[in-house]
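Two complexes, one shared chain (subunit A), two partners (subunit B, subunit C).
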Partner chain A sequence: MLKEDCASDLKVHLAKSLPLPSNVTRPRIDLIVFVVNLHSKYSLRNVEESLHHVDAAFFLGKVGFLATGAGRESHCSVHRNTVAKLAHTYRSPLLFCDLEVEGFRATMAQRLVRMLQICAGHVPGVSALNLLSLLRSSENPSLEDL
Partner chain B sequence: MQPLALLLILFVAALQRGKEMDETVAEFFKRIILKIPMIEMMTILKTWGFLSENQLQTVNLRQRKESLVQDLVLLCEEKRASLNDAALLDIVYTQFHRHQKVWDVFRMSKEPGEDSDLFDMEQFKSSFKKILQRALKNVTVSFRDAEENAVWIRIAWGTQYRKPNQYKPTYVVYYSQTPYAFTSSSRLRSNIPLLGQALTVASKHHQIVKMDLRSRYLDSLKAIVFKQYNQTFETHNSTTPLQERSLGLDINMDSRIIHENRIEKERVQRVTEETFGHYPQPRLEFAQYKLETKFKSDLNGGILAEREEPLRCLIKFSSPNLLEALKSLAPAGIADAPLSPLLTCIPNKGMNYFKIRDK
Partner chain C sequence: TMDSCDTPESTPRQSASSRLKDYFIGAAPLQKRLESVRRQTSFVPTPPRRKIPQCSQLQEDVDPQKVAFLLHKQWTLYSLTPLYKFSYTNLKEYSKLLSAFIAAEKQKGRAVEVGEDFDIKVIFSALLGMKGTQRDPEAFLVQILSKSQLPSENREGKVLWTGWFCCIFGDSLLETVSEDFTCLPLFLANGAETNTALIGTWFQKTFDCYFSPLAINAYNLSWMAAMWTACKMDHYMATTEFLWSVPCSPQSLDISYAVHPEDAKALWDSVHTTPGEVTQEEVDLFMDCLYSHFHRHFKIHLSATRLVRVSTSVASAHTDGKIKILCHKYLIGVLAYLTELAIFQIE
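Right after this comes the complex of A and B.
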């Protein structure tokens, strides 16, 4: 993500889980991406527990889920639908990307930076909420039944 | 006319000489040589040391393998190779391909206070062979010395009435300055007690015990049992956490990346290093835990929780390199550090088979 050309000042915080250590001052967080490794149930459980610590305001377009490892289906212990349901419950977009593949990684980085710029309010005329409703309308309608 | 007759006689004589090798031995040679990959052919034959330099130079390595094998068998016949020579070749092949066998580990012990006589290799060999021959009448025993005062023993088993089966031998690697012997797992299980007895008596020990340790990697078993695995090697990337290496970025350098859990990550690194060390781990392919414990559950009730009898289950961890995989679990975020001592005790205890019961 840092390799992308971006007019704004981009900072990435990496955390294993939430809540973040409270003894640090940090700038405003514009986007939270929860990375779920489909090969590990531990990863999913970690994300589920971390979600409880996120302020409700973030779910208005400032949260996304990124599932990795779907390419190697034999290694997956978490089903696609499980993550899809989770994302649906939290009304947030779900992206799939095999982070181990260089090409996919670069494309996903581009998308995330674009999303981040919108969420930070750096793109005039588009807000995080706009983006969310745009993304949601392209979702598979059958997910609503879940 | 006369020269032709002479030629005929010589030719016949040559044929006769060739036929002096037993057909079964010739077949045995053929099968061993067929096993050897072409790339290794010269190396293995040279290590074997039975055929001379001159003979080896006459061999055409570019022909089809079947023809090469025929040529080599002929050379062996010319030199009057015996069953024992064939057995030695088999040992050399196995030494080059030790990973094809699964090795068990045996530990011998002496009575406390017993004199440790100076070990005599020749006496050991002759005693070992005699014990087996006395018990089984039909058995082929061959020895090949190796470094570190070790000896490779090959045993082809027969019975009172049947000739030894040369195609299902057992190999034993005995380190004479230690109480340890490594044996290739054999399907002919009934011979193991006899083998144990022969080893114990011939090496002047009193008892032999099979350790709960098994692997294909003989050198790793050696490293574990002789405690030689904790030497630091100069690998340049051994201390870089795995997940960062795989992402191909020098994440630590860029100031725009903030690690929120840096303290925790450092703790995990430290604990992992304390447990596993800086050095490459000895190579094992699996660890097996046989549990016979009562079922314990956080949830109240449930059918299993009410059982009085212990729940039996078998848990097996497999990996191309189990200990390295375990070492990478906590840094990769897949497990909490420190890992369970049941996993980390494997090299220290020299076990990869565990039986766990309620205390």
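Right after this comes the complex of A and C.
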């Protein structure tokens, strides 16, 4: 993500779990991406625990889930629907990306930077909430279509 | 699995026999239910539920002696696409054709394992009763036997290789194919890999089908562990064992965890709430208890590693697609889950 061209100062903070230590001052957080490794149940549990420490305001478009490892079905111990359900419960978008693959990583980084720009308010006319409803409507068919 | 346009709209709820209902909740397998739910409403992923294997009535019709040779053997699993223009009346014919094929390959120097100094014989036979519902096609068996050289001996030779084809509760696949096709999505092989490859080649050429190795991921192994632990047993003949693989360099580390089968059953009973069924929550809870117990003692998070093998008194399964069935009572139950995985892989 840091390789992407960005007008402003992009900072990425990696953490194994939340909450982050409170004794450090850090810049405003614009986007939280929870990475779930479908090969590891531990990863899922960790994310589930961490979610409890996130302020409710973030769930208005500033949270996303990224599931990795779906490409190697034989190594999966978490069903993709489990993650989908989690994302659905938190009304946040779910992206799939095999982070182990260089090409996919680069594409996903681009995507995340775009999302981040919107969440940080750097894209005029589009807010985090707009983006969220756009992403949601493409997933769920509206009831009138049935 | 890809969403295919050919998937039928309706689940077989109305047309399902009671036998099918015995296995699936709502008489619809997991993947189909998810698809139908996806179509009906906004996407709310539903957790799977499966019935605990029971002693099915069809099972009782199967002569335990006839299937005894299927137990206590390690089988390598494959999924198989439907066979085109396969006929049960031609089994003798197929035996001859396959024998000839193997002999020809031997001439070309390809069938090295079969043995240089004795002839072989191929036998196709039907495996009666090896099905979930009446709709399931008959299972059949292929065996390679060594033929005795001495003309005076009429005895059958040693079995060199065994492979069998079956379909247990395969309704979701059966509905999608025309009558020219025979659906036997689960293939199990025991014996030299070269023989499996040979037989596979002949089948693929003759019936325009395709074999694919069937791996079992950690998610499904956890389900199997829970389901087989849930089975009622009069007595246990094996410890309940789990094997995890920890990726680390230079070689991966294996962690083995053995539990007394009665303790495993007691643990299962403590998490089990829905009678006759196994739910995702129960599977997760069952496994989580094992993980936290292990963590308490060894400070290792097994949930961060990869489950590669589960072993119970009912059956044992390895992630590479190897299975050993130990209990005749639950043979159909075990095969039903494997059939489901095979169908999932084909679709």
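Just so we're on the same page, the second predicted complex is superposed on the first by the 139 of 146 C-alpha atoms of A that agree within 3 Å, B and C clash if a C-alpha of one lies under 4 Å from a C-alpha of the other, contacts with A are read in each partner's own complex, and residues count from 1 in each chain.
Following the convention adopted for this analysis, a contact is a pair of C-beta atoms (placed from the backbone, for glycine too) under 8 Å apart; a residue touches a chain by one contact, two chains touch by 3 or more.
As the structure is a prediction and not an experimental result, all values here were calculated from the model.
Undergrad: In the superposition on subunit A, see if there is space for subunit B and subunit C together, and answer fit or clash.
TA: clash
Undergrad: Just checking: does A:42 make contact with subunit B only, subunit C only, both, or neither of them? Give me first, second, both or neither.
TA: It touches subunit B and subunit C both.
Undergrad: Who does A:92 touch here: subunit B (first), subunit C (second), both, or neither?
TA: Touch partners of A:92: none, neither subunit B nor subunit C.
Undergrad: Using the superposition on chain A described above, determine whether A:117 touches subunit B (first), subunit C (second), both, or neither.
TA: neither
Undergrad: After the superposition on A, what does A:14 contact: first (subunit B), second (subunit C), both or neither?
TA: first
Undergrad: For A:75, decide between first (touching subunit B), second (touching subunit C), both and neither.
TA: Second partner only.
Undergrad: Just to be sure I read the superposition right, which of the two partners does A:84 touch: subunit B = first, subunit C = second, or both, or neither?
TA: second
Undergrad: Pick the subunit C stretch that clashes with subunit B in the superposition, from 253-261, 289-297, 307-315 or 325-333.
TA: The one stretch of subunit C in steric conflict with subunit B is 253-261.
Undergrad: Go through subunit A and flag every residue that touches subunit B in one model and subunit C in the other.
TA: Dual-contact residues (subunit A): 40, 42-43.
Undergrad: Applying the document's contact rule, which stretches of subunit B touch subunit A when the two form their complex?
TA: It is residues 246-248, 251, 254, 256-261, 263-265, 333-335 of subunit B that touch subunit A.
Undergrad: Which residues of subunit A touch subunit C in the complex?
TA: 39-43, 45, 73-79, 81-82, 84-85, 88, 139-141, 143, 146
Undergrad: Spell out the residues on subunit A that touch subunit B in their complex, using ranges where they run on.
TA: 2, 10-17, 20-21, 24, 26, 40, 42-43, 99-100, 102
Undergrad: Please give the residue numbers of subunit C that touch subunit A in the complex, ascending.
TA: Residues 34, 39-48, 215-219, 222, 280, 287, 291, 301, 303-307, 319 of subunit C touch subunit A in their complex.
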